[in-house]
Amino acid sequence: MKKLINAPEAVVAEALAGMAAAHPGLIRVQTDPAFVVRADAPVRGKVGLVSGGGSGHEPMHGGFVGRGMLDAACPGAVFTSPTPDQMLAAAKAVDGGAGILFIVKNYTGDVMNFEMAAELAAAEGLTVDSVVIDDDVAVKDSLYTAGRRGVATTVLAEKICGGAAEAGQPLAAVADLCRRVNANGRSMGMALTACTVPHAGKPSFTLADDEMEIGIGIHGEPGRRRVPLEPADRVAEMLMEPVIEDLPFGAGDEVLLFVNGMGGTPLIELYVLYRKAHEIAERHGLKVVRNLVGSYITSLEMAGASITLLRLDADMIRYWDAPVLTPALRWGA
Amino acid sequence: MKKLINAPEAVVAEALAGMAAAHPGLIRVQTDPAFVVRADAPVRGKVGLVSGGGSGHEPMHGGFVGRGMLDAACPGAVFTSPTPDQMLAAAKAVDGGAGILFIVKNYTGDVMNFEMAAELAAAEGLTVDSVVIDDDVAVKDSLYTAGRRGVATTVLAEKICGGAAEAGQPLAAVADLCRRVNANGRSMGMALTACTVPHAGKPSFTLADDEMEIGIGIHGEPGRRRVPLEPADRVAEMLMEPVIEDLPFGAGDEVLLFVNGMGGTPLIELYVLYRKAHEIAERHGLKVVRNLVGSYITSLEMAGASITLLRLDADMIRYWDAPVLTPALRWGA
Amino acid sequence: MTDSLDVAALTAWLDRAAAVLEREKARLTELDAAIGDSDHGVNMARGFSAVAAKLAGAPPADPAALFKTVGMTLISTVGGAAGPLYGTLFLQAAGKATGKPTLDAPALAECLKAGLAGIVQRGKAEPGDKTMVDALGPAVAALDAAAGAPLPQALAAAAAAAEAGMAATIPLVARKGRASYLGERSAGHQDPGATSSFLLLKALADTAAG
Amino acid sequence: MTDSLDVAALTAWLDRAAAVLEREKARLTELDAAIGDSDHGVNMARGFSAVAAKLAGAPPADPAALFKTVGMTLISTVGGAAGPLYGTLFLQAAGKATGKPTLDAPALAECLKAGLAGIVQRGKAEPGDKTMVDALGPAVAALDAAAGAPLPQALAAAAAAAEAGMAATIPLVARKGRASYLGERSAGHQDPGATSSFLLLKALADTAAG
């Protein structure tokens, strides 16, 4: 295992300390329980946006804390959902009197921990709503399973809802917008290599030099199928096809196209992939009016990428474009 | 070789096409000869900033083209300096009548090609000045060698000079500022893994699982020495020590601390490294008043990092803080 | 050999569980690597070492207080799916233990049954979904059936049932938790949570056996 | 077997060089991987294939025009260190070839000498710095010395000298170009640019030999 770390048990705390040292104007990092909170929290009268999840997906979520995006993020151990006490403490720290929205990625652990936190918060008199993101078309949705995973649409939901909350939208409207983003966002990912959870010390799976894994999530888990390595253009097709086939895209729709790196893939490859993904979107009559290219929701040092399409409405565009000032996403401020 | 590409000979052109598709509002991509130019070039009365170099270092330089930073960037083949005709065409495209500054990383090829371009541009009546960046303390400076390499200080120089040019500073002042940035910036890099040049098809060197390479550059070249793998804190010391020992840092200085990823290193590791680097800087009495953490000057998918310290003066701070609107660096706009 | 467990015995169980989970950390993580995300061993070891430290620092007055401390500690230190589920198990057990200075086999059966019900309510897993429920369900049934027998024997039966349930998860296709993302590819692997459930029950049986 | 080279022969040389460099691309890149950045083979092959295409598309009128086309094409297609250096070589050679319909051994020696001087002026390398100069220098000297001999023999001597110079770069510690960053670690490797210089001269000798 080759990593720039000191010890598996110290990674998360030390990375948080590094973030705190690097971005004192934007965020504060609390410990015991651990969460990242925007420097000026709580913001009076504003809906407090709280997310969180296992670490190893940086910059998500801590890197998205700041003006115009999250009010707080709760980091768990690597690939492990954080705990309810973190979420409760974060909710209290960002409660500006307008209620709290939990943005939760759909994993059993995340959902249960956030559920418990919401119960605890309600018991303490906080108003909390929760939206679960489940955009990964690699996983067949079903009532009888854990359902689709929450992946890259989460980044878009956090930005867009952050814009709406910053603009003073009430909790019900922000939560509704978040559900709309989730309902209109679809993702699919692939990996060229596995990643190594620091504690595990060896890769989660192994791929031969001529193989890739299609339909992976963001936790170093194996995907739906292993196939021979293909050129980037073919990979773009393999990711775009299931995304576009799935509801609700149609010709003429305005979309945001998000090509995301898994952590070990350099930007030059993401642009090669973006080129084709954009072309495919246009071939299907979709209008790519916004986009994002970069490594924003990662899986440690995994080499690979995911593609997300979000069908946009006017609110989504307005709040996507709104200023944001966080360690990892910044514009207009 | 596992990469999200179609063919070695197509990577650079396809990545440029992807950039063009993703950022139509910020940049245009020209072909034959190839260069990336800001969408509104030439800007009348503004010094035109042109840089360039081999590809494989993304987002540098193309990702730094836009308002407040570069006017144009010339991409070569992977790890290969671009050619004078690209630079000449770029210079002409951004000539706003206030002269052109070439920001050149110190490599024999880059220096010679930019020199030829400057000769050609002068012959065509353009006013061109050039500044060579040579900040890599891993390479012993000497009159009898190629000298120090230009590495991560280049990013800082491009941002700071971009701010100055945007503010209407004349060529002599922008060039002088660029020389000051170079004189006050020092970098040192390391690698956990080598990278693979697409055409070569196999890694430039090999490192055992318990080895790392200290003093690497950004071209997949071996470094000064191979040592046993060490924890991140020790790596931070190994990079910071030679940087601080070198002129011109002293206690009380205000510095920018830049922890840069080599392309395959995830952000969580960069923050672990930043934590210690920041601590070391403060231990030496340096005041870290600005910082940058991320993968901005890379070496394909190499896993590794570099650390740069830039001693700041008031101009540098002002122009570092100035708005920038490029694909890869964006704030205040 | 006792017929009921007091706070000291329960503490000994949890200390033993912490040691066992620390020892089996790598194996649990490997099981989780195959069909999950490589963290189950680390999560469980972290949680139970926190439990052991907590119990050592402030010894609880009775089994109910102990179970509550265990549940709260697991919830705030394990995370992931296992944290809320095992946490719920102990919190529900605490309810059933209320007022009892020691727990005999029927009482333990009642605690475990309530704990399992809590897990099912939280996680919505059904038998055969390839989760910890597939180890805990048979264990509860076995303990219930053997509740008349001496405690060590009853707990040994529960542990044996958990072990069988754990092994029976191997051919199953997961329908809950992360492993469900793998669909058919999840078959052929033993469920990590069922494995940790067995380890907990085995530690309990071993403690009772003295 | 001729005693001087006309445009057709020089074009044949460059076609041959393009083929040789394409064939030796991987080896040159491997040499560059060891002490540089793995691109010399690709750069040279790209440049000379562009040269061959250019000459085929618009055959030049005389050797000077040919050399100028070659130099300009190399400068705009090779990049890196080799592009400006080899480009300069041919541009300087063009100057010396001006007005000559064919080039005999003394004329070629003069062209090559001027080309080398251009390279030294651009790159500031001295003999022994472990660069292409270490192959070209001896080649120029040999061609000069053999300029009285029949052309094929003179060029064979130049190629042999280049080969010896190339081999002699192996033990050297680089002081110019990328390899200089390696310091002592550059010793023990053959310089890629010296190797491509030898290949170019060998192709020239082979062309003259018919």
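Here are some notes:
To keep things simple, chains are lettered A, B, C and D as they appear, and every chain counts its residues starting from 1.
One rule holds in what follows: contacts are C-beta pairs under 8 Å (C-beta built on N, C-alpha and C of every residue); 3 or more make two chains touch, one makes a residue touch a chain.
To keep track of the chains, here are their UniProt names: A, B = phosphoenolpyruvate--glycerone phosphotransferase; C, D = Dihydroxyacetone kinase subunit L.
Nothing here was measured: the structure is a model prediction, and the numbers come from that model.
Separation of chain A from chain D in touch steps, taking the shortest path, is 2. Among the remaining chains, the Cα-based centre furthest from that of chain B is the centre of C. Averaging Cα coordinates per chain places chain C and chain D 75 Å apart. Mean C-alpha position of chain A lies 29 Å from that of chain B.
Chain centres here are Cα means. That of chain B falls 54 Å from that of chain C.
Annotation: 32 Å between the Cα-based centres of chain B and chain D. Within chain A, not a single residue touches two or more of the remaining chains. Residue numbers of chain D whose C-beta contacts span two or more other chains: none are found.
Because contacts link the chains only in sequence, without closing, their graph is best described as a line. If you check each pair of chains against the touch rule, the ones that pass are A-B, A-C, B-D.
On the side of chain A, the complex with chain C involves touching residues 8, 33, 54, 76-85, 107-109, 112-113, 115-116, 138-140, 144-146, 149, 197, 199-200, 202, 204-205, 217, 219-222, 224. For chain D in complex with chain B, the touching residues are 29-30, 33, 35-39, 41-43, 46, 75-85, 122-123, 175-178, 180-183, 185.
Chain A contributes residues 1-7, 11-12, 14-19, 21-22, 55-56, 58-59, 63, 192-193, 209, 212, 229, 231-233, 235, 263-275, 278-279, 288, 291, 293, 295, 298, 300-301, 303, 305, 327-328, 330-333 to its touches with chain B in the complex.
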